[in-house]
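What follows is a group of structures, each given as structure tokens.
Common to both upcoming complexes is chain A, partnered first by chain B, then by chain C.
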Partner chain A sequence: MMRKLLVVDDEIEICEFLKSFFEDRDFKVVTASSGEKALDQVAQFQPDVVLLDIQMPGMDGLQALKKIKESNARTKVIMVTAVETQEKIEEAMRLGADNYITKPLSLEYLEKDVQDKIELLSQGMQQNSSPR
Partner chain B sequence: MPTPQRLESLNRGKFDYQEVLRDVARSMVRLKRPDRLLKLITRFIDRQFGLTHTSLLVFDTKRNRYVFVNSKGARRFPVGLIKMDVNHPLIQWFSDSRKKQSMPKDFLFLSDVKKMLSRAEFRMASDSRGDQLTGIQKAMKNLNAELIIPGYFKDTLVGVLILGKRVNGRCFTKQEVIFFQTLAHDCSMAVKTAEYNQNLVEQNRELERRLEEIEGLRRKEQRTYYEIMRSLAEEVHAKEPCIFGHVSEVEKLGLMTAREMGIDLSGRTKDILSAALILHDVGKIGIPDNILFKPGQLTMEEWNIMKSHVEKGARILEPLTDFKRVREIIMAHHERFDGTGYPRGLKGEEIPIEARIICVVDSFHAIVSTRCYRDGRSIESAVQEIRNCSGTQFDAVVVDAFLRALRKGLHKKGAVPDVLGDYAGR
Partner chain C sequence: MLFHVKTPRAVLKKSLIGLILFFLGGLAAYLFPFCLPRNVEQQWGHHPLLPIFIMTVIFLAAYKPIEKFVKWFLEKYLFHKKSLAQMTLMSLAEDLAVNLDLQELANLVVNTFGEVLHLKTVALLVPDPLANNFEVASAYGWQISASKRLRLAVDSPLVKLVHQAGPHVLVRGLLLQSLSWQEANTLSRDFDSLQAGWIIPLFVKGELVGLIAFGSLYPDVVFDQGDFHFFREFAASIAKCIHNALIVKRLKRLNFDLQDSQSQWIQKTKLNAIEKLAAGIAHEIHNPLAIISGKAQVLLMQKGPKQLEPNVQDALNAIVKQTRRAADITRKLLMYSQGSHGPQEWISLEKILDETLALVSYQASLDQIEITRNLDPEVPQFYANIQEVREVFLNLLLNAVEAVGSSGKIVMEIKYRRDEELIEIICSDSGRGIAPEHIDKVFNPFFTTRHEAVGLGLFVTKQIVHRNGGSIRVESHAGEGSMFIIQLPCSKECVRKDDSKKEDSSSMIAEAKE
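Coming up: the complex of A and B.
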């Protein structure tokens, strides 16, 4: 099954770049430019992993994170943001973020982290389907 | 500046390598902020060579990492999104090769990395060079990089020029690679020059800030010292009862006299005169009480000790460097206009004007005050004596001004003696 990734960032350039980067690595990728649109995409597209910016007009990334975790607890959410205050990091972790990556980021690290999250998901699925 | 325009026009048509390089070198010297030059170079390469992307990674000295500052082309990177740490295999490849000179390479093709990896010596698992090359290959694929050109300043890797494939699939020529190297070198120079300039500006600002801080502390210290001196001076005056009762009355009278003389008392002039009026007898703190308060005549020896209060005062005020003039005034406040005073026997205009004022005010003050060796005399008799000594002990101009000031001062108190009444207006 193809792995599904949602990229949420109000900068179109970033969305487009990460979309083609992960498409080259056999991901199915959709993008969203705001918190509200991200929630719609999560509902429709059911991504495995979400790359979520924090500072966006309208609903910000932390609010979106909370809602995503409420509706799709299984979905892994990686915060990808230029905000690096301890307060925001702690809040994101409290709301259930699976990682917090600050921009500028290392592409190698981002790629590895997304792969790790996919790995975790597939392990979880195997565990669920195996008899107890 | 012709250069950016030339690069602009070159962006649209054919170009001559030499011409472009000369232009870049020239504008590099002129540009204080290199951002514009870097941007122009990136765009120039992008348009001229038709690459999937042209990107520039520059070292951020403050955060100790390399960040993409410019990117052009269909597969460009969003500026500010991607960084490379100093221990990134690609960064290390170029910084190490420069230091150790083991593999002096000023460029790196993806095909070269592949070739090296296929060689047995690099395939061995224990070879860290192999790991490094694998990391580089991965990074170059991540960045869609075909050719990488490092930019150095001295031996420091300042930045890296990352070029994607040609859209038309053609390879880069040797001449083109040399051209890119020269541009990368020029970019590094521009970045470093700007950095040095910026550092100098910042260091300068820091120095100025510190100097201001020191100056502030110094002023505060001077102020504190001044306050201590003022208390000392008041202590001296407190021992000697007088009709004005307080040192600030002497100060007021002295300032009024100066104003009557038409001296501009704004700012420092007033501060200096005020300080001198208040502190002129501070040296008396160093005179033994048995001499200071001796009833009757002083012996010659005692008188000499008494006179030393002038130098003592000047010495006490030495740390008050902001008030150097005050010391000169205090040194001269017992000089007489006719040159028969002490300690130096200065004459007329040689005596600072402030000292001439203090001389009159202080004498008046002494005459009307009750001292241990005699009772205070009336204002009338004091005025008479001051007038008698005008032109000999005192400067006549100062005496005239003083008497006008005294009259105004007493008028406010409703006690103008006759002797001043007929003096008024003259």
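Coming up: the complex of A and C.
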């Protein structure tokens, strides 16, 4: 089964970049440029992992995270942030984010983390991995 | 007080009265026998006691009118000078009415008063509502240091007495005679501390707005009822001026407090603005950085036949490393601008100092500034708001960097004074120093010697230090650099050992940069 990844970022270039990066690594990738679009994609595409930007116009990453976890608890969500404030990160973890990673990204770390999450899913484990 | 002769003027007055009385008495005693009927004259006219009797009668009957006459005569023809003095003082009182500066007013009063009346000391005391006592507004004939120390408590015996006596001039000598030994003793202490023989109270509508305490150059000077009457009038007119000036001073103080809170507000708004700006900048910069770094990382990950030459790999590694560094700067900038009113916690001063040094050394390494960090490994953790402590370090360092200019040295020291239960933060620089006329003002809001600066850095620093129960002072000589010393209280019971790892207590931060 193809591994499915959703990349959510209001910056199109980031979306495109991550899309090509993960497609090269045999992922099926779709992108969304806002929180609202992300929710639609989650419903349609049923991704295994979501890479979710926090700071976005309209519905922000935290609200989107909450909705995703409500509708698809199985989906792993990794928060991707340009500027992390301690409060926002804490709130994201409380809302059920599975990890967070800050820009500029370490691709090596990101790739490994996404792999880990998918392994967890394929093992059928429901519990969340500990952050970082 | 009939023969209580004291001043040359009084001697003259008394002797004139005596002379006139003696002449009148003698004349009466000589003429009186001729006025008597012949038989009575023959029997009593040459009795030796008659002249004495007549002179006594004349003395008793004529003393008062003659004294009055002599006084009038002397005032009118010989002692113009005194009325001149009175006129000077009264015109002074009128001049004062248009002056609202307490200091100028007080100086004018004491100097004119002292010079016109040839006094040894004059001090004008005004109430200080904050300290609940009277302090010297201005002094004449006093050493400045002594007059500055002079305080008179609101509940001191002298002030109490003034309240009882109302607008009358208090005369030390007379008062002390009329009191019991014990009362006189406590009262004379107050008089002595003021070096005063006389006290003129200044009342406005029953409120005591000041005291003029003065002492004479000559120990035997006395003032008469006329003088006291004049003093009372004089006091009444200057009391109003002092009252107004005191009100103006209070208003100025209120205004300053208002400005104070206003500048705090400005600072807060400024921080909010910086926070928003920093968040925006960080967001805008981190996305392109993520792409730059990401593309480089993708190239570096190529394996097998696509693997790049080592020199290209080095270049790409440098790109990844430098983008991370750039992101670090914006992240720190954001950290500094966020939430300056957060909760207090146990913080490691060392950690905050290092963060701040890292931030400043970007700028410092551009110029040739060497920043040395000197840390006492015993420094305990400090309970405060982390953001505020960051701001203190940042302000001190930015200030030092600015003062040093293009090259020089800055030393940041943190010491723990165990015995005094103090943490001492010392920031010294080899910069241009502070001019003597500016040194009192460096902590004032909006004080700056730079055109582009707002002048709030050290003011805010001082406020943060004060909020944490500490003190800040500066030692500086123009051209020889400055030293800012902050002392923070840190009592033993609230000392928590700093658990973070101890590194070498001194390291050259700026030199470590390329």
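Simple rule for what comes next: the second predicted complex is superposed on the first by the 124 of 132 C-alpha atoms of A that agree within 3 Å, B and C clash if a C-alpha of one lies under 4 Å from a C-alpha of the other, contacts with A are read in each partner's own complex, and residues count from 1 in each chain.
Just so it is clear, a residue touches a chain if its C-beta (ideal position, glycine included) is under 8 Å from a C-beta of that chain, and two chains touch if they have at least 3 such contacts.
A quick note: this is a predicted structure, and the numbers were derived from the prediction, not measured.
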item: Combined model on chain A: chain C and chain B, fit or clash; value: clash
item: Chain C versus chain B, contacts on chain A by residue; value: C
item: Touching partner for A:104 - first (chain B), second (chain C), both, neither; value: both
item: Contacts of A:45 with chain B and chain C, given as first, second, both or neither; value: neither
item: First, second, both or neither for A:83, with chain B first and chain C second; value: second
item: Partner chain(s) touched by A:14 [first = chain B, second = chain C, both, neither]; value: both
item: Contact residues common to both interfaces of chain A (with chain B and with chain C); value: 11, 13-14, 17, 21, 82, 103-108
item: Interfacial residue positions of chain C with respect to chain A in the complex; value: 279, 282-283, 286-287, 289-295, 297-298, 301, 320, 323-324, 327, 330-331, 334, 338
item: Residues on chain B engaged by chain A in the complex (per definition of touch); value: 65, 67-68, 75-78, 80-85, 88, 135, 138-139, 142-143
item: Parts of chain A lying in touch with chain B, wherever the complex brings them together; value: 11, 13-14, 17, 20-21, 82, 103-108, 111
item: Of all residues in chain A, those that touch chain C in their complex; value: 11, 13-14, 17-18, 21, 55, 82-85, 102-108
